[in-house]
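First comes the structure, then the notes that go with it.
Naming follows writing order (A, B, C and D), and every chain is counted from residue 1.
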Amino acid sequence: MTKILSTEYLTTILPDDLKKSVIDIADDCLYIPPQDVLKFAKFLRNDSRLQLESIISLTGVDYIEYFEIVYHIRSMIRNSSMIFATRIFDRSSPKLSSVVSVWRGAELQEREVFDLMGIEFENHPQMSRILLWEGFNGHPLRKDFEYIDLTD
Amino acid sequence: MAFKTEPVTINLGPQHPSTHGVFRLKVTFDGEQIVDAEPVIGYMHRGTEKLAEERSYVQIVTLTDRLDWVSSMTNNLAYVRTVEKLANIDVPIRARYLRVLCSELQRIASHLIATGFLMQELGTFGGTPLMYCFREREKILDMFEMLCGARITLSYMRPGGLVQDAPPEFWERLKIFQKEMPGYVDELESLISDNEVVLARTKNVGILSDRVAVDSSVTGPMLRASGVRWDLRKADPYEVYNSLHFEIPIGSVGDTFDRYFVRINEIRESIKIINQVVEQIPTGPIRTEIPYFFKPPIGNAYTSVEAPKGELGFYLVSDGGISPYRCHIRSPSFINLTVLKDLLVGSTMADLIVVFGSIDIVMGEVDR
Amino acid sequence: MNINNFQNIINSLIPGLPTWLVFITSAILISFIVINAVVITGALTVWLERRLLARIQSRLGPNRWGPFGLFTPVADLIKMIGKEDTVPATADKKIFNLAPIVLLVPVLLVFAVIPMSNNSFLGQLNIGILFIVGVTGFNTLAVFMAAWSSRNKYALFGAMRGVAMLLSYEVPMALSIISIVLTTNFLLNIDGSNLSALSLVGIVQAQKIPFFILQPLGALIFVTAASAEMSRAPFDMIESESELGAGYHTEYSGIKFAIFQLTEFLAPVATAAIISVMFAGGIKGLSFIPGSVILVVKIFVIVLIFIWIRATWPRLRVDQIMNFAWKFLLPLSVINIFSQAIILQIFYSSDSIITINELWTIAFINWILAGISIFLLAKLFGHKGRDKNIPIPSKLANMEFTSE
Amino acid sequence: MFGFGLIKGLLITFKNLILPSRLFTVHQYPDRKVGPIELARYHQDWQNTSFIQFVINNPIKTIKSLIGLISIQDRYPQHSRFRGQEFGWYENRCTGCASCAKYCPLGIIKIETSRSGVDLDEGQKYKVDVFDIDMGRCMFCGLCVEACPYDALFMGSGFEESKYFRQELNIDINNLKNNDTKPSNWFRPQLESKNYDPRRNGALEWDQVGRHQKPTDTDQANKWSKR
């Protein structure tokens, strides 16, 4: 079975500066401030006790007050997985540092989140719309997206 | 002497004989050599994730059929498993066995399609291997019709079990299938695997190293062809895979031939699994009755299954209502496209088509 | 049946006509008959190919119109004629319109020299084989004309590949013909016949045993090169439908496209005719069956083999095709010429009369020689088969890992 | 190596060319071209008379079938669970609860009801005035059939209902009433247990398709009085 790394275990092995920055701990999810995401990702990937080398899924959820970006990551060497998330409260121009330099698998997924949720990832090699066409107005997966009736 | 050439940009697609749907590839050629390739997708974006936000949990099952239309069973399975995890629904043991049986049948069908179209793109005119693959796939689709009345868009699974138990004639047909299929796979393999032209066209073409594959979150047969022994059915056994014995076939270098060969071997392993399921399957109920408009508790859940094309995961967020607050689909075809450029640059146009065919994407799943 | 017979018939029907008029009338008549017969054969080949491919693939193929769908080519033709004939706006219209004709005419011209009896349609052309090699060289030009004038990148890709391939396969083809001509000359000299060794009638006369038995290597090279020349599987690089859409005739529609299709299906018939004349003894066979019937049967058997191969083998890549031509077929054909020359010289100098038994000895030596040279060349250039080692799992994944 | 793989491939295609077990997997529909043997079998003369007698009796037909000119009507093989078009609906069973409309993922079922004036023991029955199904958008998931608590709605088994205009695809209550109801077995185990096949057997009446026998009046009265 894939071992889901417990948050207690993770908090014990985190270095001090990262440990301080953890803002919230759910039963299987660590919440990280947006500015620390890249640092955190580098630690998770390079730490010899974790070796979380590939990103399964990266997605955004719009909770109206804030956006939550959820990272599901996995270590194939240790057969373990973990979840961490970050919250962005800026709604007008949400920005987040890209993790493509750490996990290349996030490349298309970050573009998708940008396209559908409107969160801009900094230092991404090609931050452009992927599913919708250039010039599409709005980001459809946001909860306040207004439908355009194209039928008539 | 430096020979000055001028690069030519060609739009392969959106309509092209070998793009598996509406897929556009902006390729820059220098003669026959590819210097740049950029996939352009989204021609088939139907907004499945947004549609799911205003449907009830059972109704979304019909949406998942239309993601990867050559393997609806595994899509259904991935979705209903997430709902069951979200709402803590228990599934009867017979239903679990039937789910495994169906998803292995679907895996065979999907791999047959992948192999057939790869051979079609190698240029067997009229597609003799493709027709042989379709011939065998047709038998699987007939069995699906017996199970649930449809052949492609199945909607066979429900949170809590399955729609209906299998009819007796299904088991009879399955017995014939079990007996005949290994012979047909052998025949297909000896038609393709030893053919010198196929070997020349696919060996050492589009090599994907294991390091790049793991970094880019590539999953499924493509990952295993690179030599990485990783399969969710073994690594994180779901349903009843714990009690079944099978091997995980892997490739040696990660070229196009390995990708094909891993698929053929996976068909063999799937037949083995089916044989074991038929022996082990118990009798009993196949569905836990749950209300149609049920409300899972507030929370979120992510589960994934090993779909024929890779890891298919669903991430559901519930706000306690009758429909999910957010439904994210982690589709293998989409993420496997990350490495497309690495595979293509430096090869030739003829290799482009073959490499692209060996990735085995379905546009319904890429664009969602 | 040849042009002289027609001239005699017309002279006897209407005496007193001037000789040039008789010649022109009979020429037009005979070409009318031959062209129609050939085109109908082409249509039949379309039907045969579709039905046989379908049968091999457990499909049905066209079976709706006429008995066993025999009239399907007619329906296709009507559809083609009914379609709009589009010309791209930027196309070079003259060349665009000319290309299908330039492609079709050489294929029809080939049939002028095929000996359907002891004589060919065109009469006793004593450089028949040279005529064929020269005339079929035209298709390179036609392919390039079609692609260049239509201003389409896919078409241009197809044509670039095509021109390179067609030119390089001319060489082994011509060289394998030379070995045939050598043998023919040798055998005809012994017979004391006054036929030219370059004429197809002479080649047929010389085949006491069919040349594909006497010269297996030459036959192999010629068949391979010829199937590349007419761009059939596994050499259908010019219009590789999975890569280039339709290759050089991407922009064509309507009746012009129909002409391309017709040529494509006539080419196997023409090639099969040449092969059956040069290697399978042409009209020779059972004495109680007319020679033309034997030739037609042989042609269809060879066409069936072409279809069978097309249904089974995938296409080679363009660089592999070129490698095959220059690194494999060319050395093989040079070996073939030299070995033939040496063997024939040895047998000729021993005594000037050659018996059937001696011919069989030559055939036996040639088969051994062919096997050895193919084996050695395949060792040198060929692809190693697939390795059957068990692959080693990568260290990047470990599914059984449990401890912390 | 050395082309042996190529020859192996040729042998396999040749095997498929000649082996009778690999004969056509394509189904000819709606009519099928047949040879003389199959024609004789089709004419039911196979059991009574021999094939030779059929040939003697029908020489012209035999010759025509030999040159591939005879075609016979044929049925597409499909399982009785097949989810097809032309919904089956039983007015007598329908209570107008509109479960099907609620369950439909696309919302293509429109139901309007009014008071019927028929007083039953358990209360007044609804009269269904409008029952529209927009078949142009239907995806045959069968959820409406799964939802129906009184077995009033069934999937059909046909699939050749193409029309020239989109509007013609709408099914309204009159269509549903006038249709020959040959319900599909999908999600209806009671039909499956009777071995009912919609393609072979005829139309079914409303009292034949229920999960249970129709309760008698006394049963119903007892049931309601106990509440």
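We adopt the following convention: a contact is a pair of C-beta atoms (placed from the backbone, for glycine too) under 8 Å apart; a residue touches a chain by one contact, two chains touch by 3 or more.
These numbers were taken from a predicted model, which means no experiment stands behind them.
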If we look at chain A and chain D, which chains touch each of them?
B, C
Distance from chain C to chain A - Cα centre to Cα centre, in angstrom
62
For chain C and chain D, let me know how many angstrom lie between their CA-based centres, rounded off.
53
For chain B and chain D, let me know how many angstrom lie between their CA-based centres, rounded off.
30
Distance between chain A and chain B based on Cα centroids, please, to the nearest Å.
25
Of all residues in chain C, which are in touch with two or more distinct other chains?
56-59, 311-313, 382-383, 385, 396-397, 399
Touching two or more other chains - residues of chain D
1, 3, 5-6, 9, 12-13, 16, 25
Check: chain B positions touching at least 2 other chains come out as 128, 132, 135, 191, 193-197, 199, 214, 228, 230, 235
Name the touching chain pairs, please: which are they?
A-B, A-C, B-C, B-D, C-D
Applying the document's contact rule, which stretches of chain D touch chain C when the two form their complex?
1-3, 5-6, 9-10, 12-14, 16-17, 22-26, 28, 33, 67-69
Per the contact definition, I'd like the list of chain C residues that touch chain B in the complex.
53-54, 56-59, 153-154, 157, 161, 233-234, 236, 240-243, 245, 310-320, 382-383, 385-387, 389, 391-394, 396-397, 399
Okay, in this complex, where on chain A does chain B touch?
1-2, 53-57, 59, 61-62, 70, 72, 76, 79, 83, 103-109, 112, 116, 129-133, 140-141
The chain C residues in contact with chain A across the complex are 395-402, 404
Chain A partner, complex, touching residues on chain B are 41-42, 45, 47, 49-50, 212, 214-218, 228, 230, 235-237, 300, 302, 304, 311, 313, 315, 317, 325-326, 328, 330, 334-335, 337-338, 367-368
